[in-house]
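In this document, chain identifiers A, B, C and D correspond to the written order of the chains, with residue numbering beginning at 1 in each.
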């Protein structure tokens, strides 16, 4: 039954566009609304041309009417979500926030890496929206904080190692990640200008990207131990997809490919494979991963 | 002898950067200066990173000192060059303008497609900077108007047909062109945003691109007849290079590949080939071209 | 009800892989089989890695058992389909052929551009699998000949002009097309080698591609008149998608964008738009198109 | 003076093509010959189209005449060079080998990772062709073994750390590298097929690429200590360029960017920069690098 009403706040960015594409065809979603400050009054399909004949409604402004929904997705920038969510929650709306605003249980970490928090009391109540780690909690949650792009790839890759954490050097993890340019958003920038990205690889924010503390805090919570990692992201000339190379030192003999398969056996969107290529997961919900051990340096490599 | 002093006005764009790369290693160029309003005081190699250790001087402002040179290249936007050139010419400087400001002998055509002209009297004196057509005149010129990107490809492709123009329908020429994104310049835009360009082909300005009158007027002058063409440009997911497919109807038996080879025999930068691919000319001065006849529709196809 | 059994012959190529991806999730398809000479015995998902957990069955050989199906798709090379189809049709199987073998009602045209035909008597009975032109016939057909990639784009672009064909020069149509590399198939070749294609544009088979007669014969049949066109294909550095620039000379005043919208009004997969970009249709069933008139050369341009 | 005669053996691959492009314009090279088994008799510029009008001679077979040169470059596959080099050296020719055959002073390491060696006695005499490490020796060498692509990037990145090796965990180095597809050579393969590479990232040979022992042995020799590293290569959708992320654990306070600048101060082709992007070095001789310290995990990161 198509009886759930949904609103996407900030529908003109790339995450907003993808939400609309998925929700417009969702079997349970009825009324679907999208807001946009920048494009209010324009057809959504004039901004996201791929939505032509799929979702042609106009972008609304954020008001009582557009905010009257069962579910609201906040595809808003960091710093905005935290001013919008409290009011919605009070009205009983279920909120999924795609910004970083509620990803940290400890709002002080957020404030260290982002900015002063406007609704710190909600941080503890928000559930980190990674079903493979928090499925039960998500089902009951009123406020879901969706994971960052890089953290999704790194946390999923590390989760199956919780069991053997004592054999591993959890404070010296090395992560090198590659991202497509859609992660940089729809707003034009020199960083993501075609002539600057194509035929290029652009390493950036070396040792200072703010997704690093997000990875450390969630993995730390899941593993019940201190976690430290170095994180080096590189922009690759692709649109969609992330590849993370995760290196954990430790002595280990077992065939990890098999234990990863077992760990994720019932997960519909995780696939364990020798060929974890972004091409096979782009445009899908899948996360493909493989795991290897390097005896030369006593190390686990998860891709 | 490195005794020629050169200044590049507007050195921070892509054309400015390429000029600096070439001039910095030119055997006859001595003092080399670059100006930039936006980046004044910054090292040129901090803006054009490929110039590190090649040309590290700071961008200057446009003043008496920086304008004291034998040659000045104006890598300025349309509409600016026409206010700068007159003063320089009066001082006896030789000027090469990369904008469209002096490409039309008849300033009224310029005004129709661009804007009001600030120094229309210079238009007749400017020489169109295509050596294959105006080599002698360029050598003696004080003001050279460098060709647009698309016009370069189309004019060079048509020139050898002047001899047989009477057999050809010169008022129904069809041109479909493909361009890399560097042609759109260094300034970030949605048009040339990587996520919008990659894995995409973007046709634009159908039947209304202002390079069309430029092609028509130069070919018309060279051929001594009226020329009309339709021009459809498409942005392709490459950085450098243009491919133009030029279709001219007319009855013709001869092997044009040979007559093209003969026509361009002494030109150092024109190569006639069955495989005129942008890859073979990008990063070089070459223009590669091939020519075919299609008996099915009585048509010449120049690529 | 999932009660239709389907077999894909030649399941290891790109068309085979796409068929499997679509059919594996098709609500009416039950038993789904794929054959492959080259990869017999291997899991389909080891060849098409994106099918992991989607379609993991092994490729079969072509025998009685694998050929026992309601529908059989022949994703086989030109020249093979025509030896397989006759036997299947005799058994009462419905056949969809993706090769060129049955695309020409007149087998002599096929023989001129391809090779001697092994079952010429079937050519007249085969229905050209373009629903926008032959929907009724396809529903009743036993043998459907699916269109070539370039012809699909060109025929769909021309169909709405049938009504005004007398105003148009139908024997001087100019078509410049761009194709992604998936059209060249899964078999490695220098033509589609990454280092040769990336940052490149490769014009090929100028004035001699065999999709040209296919376009001419279908458009001729639909329009009821002689049609001649020149066809120039170029390989672009994208994987999926085709852009065709179609130029038809003729005098015309009306707003064609509107008449195209009207013509295709009920078609679910045709969208009329000012921005007919491959990015908006890749990975979908859509064909987006726009139409312009160029008064300068009295010409219609369909993209 | 153009008085040095040079022959390139195996001129039809990508390394052969680049050598010809450079040598054809080299101020000291006179007679330039190229051999190719596969393309003997064809013009070099019909295989390497970018060489049209630059180097148009025909490929020769390998015989007395073509081997009569001052310098011979062996752009031959691993396993072939070691059968050709001995005879040339006896005749007094200077040989530069681009294969892996002479990169290991200890031929047993070669035999472990490659194959039985046909001229093991030459291994000790060969000089590793990395001028930044072996400039003096190269000048006097008769047999130069040019470095592998990945090892070049990793060795250059590590060299400046020799001085402080004792503070570093040299047996737990982590290297994640990205390579363009030209590194896979000119021979078509599924691995480097455009539709498989574009919009994709392909990790391969995890923990078992044979460039790893090459890096370890050269760095070990230069540092005078045991070196172990894990090496994970990924194929990126670019043609030219390699990015290597090198992680070395160790406690360190100093500003390494400055000491890297000092170390490489006189090297013409090394540039130290905050933006070590492949785009800035592709099509040049440059290797750009940057170095950072991550206090969070006590680690040096060289890109």
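One rule holds for everything that comes next: contacts are C-beta pairs under 8 Å (C-beta built on N, C-alpha and C of every residue); 3 or more make two chains touch, one makes a residue touch a chain.
Keep in mind that what you see is a predicted model, and the values were worked out from it rather than measured.
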B-D or B-C - the one linked by more C-beta pairs in contact: B-C
Remotest chain, chain C as reference, centres from CA atoms: D
Length of the line joining the C-alpha centres of chain A and chain B, rounded to whole Å: 45
Inter-chain centre distance, chain B versus chain C - centres from mean C-alpha coordinates, in Å: 39
Chain centre separation in whole Å, for chain D relative to chain B (CA means): 38
Shared interface positions of chain B, touching two or more other chains: 196, 198-199, 237-239, 275, 277, 279
Chain contact graph, described as a line, ring, star, complete graph or other shape: complete
Contact set on chain A toward chain B in their complex: 14, 180-182, 184, 186, 188-190, 192-199, 237-239
Residue ranges of chain D touching chain B (in the complex, touch as defined): 49-50, 52-53, 198-199, 271, 273, 275, 277, 279-280, 283-284, 288
Partner chain D, residues of chain A touching it in the complex: 171-174, 176, 178, 196, 199-203, 206-207, 212, 228-230, 232, 234, 236-241, 243, 245, 247, 249, 275-279, 282, 290, 292-299, 301, 303
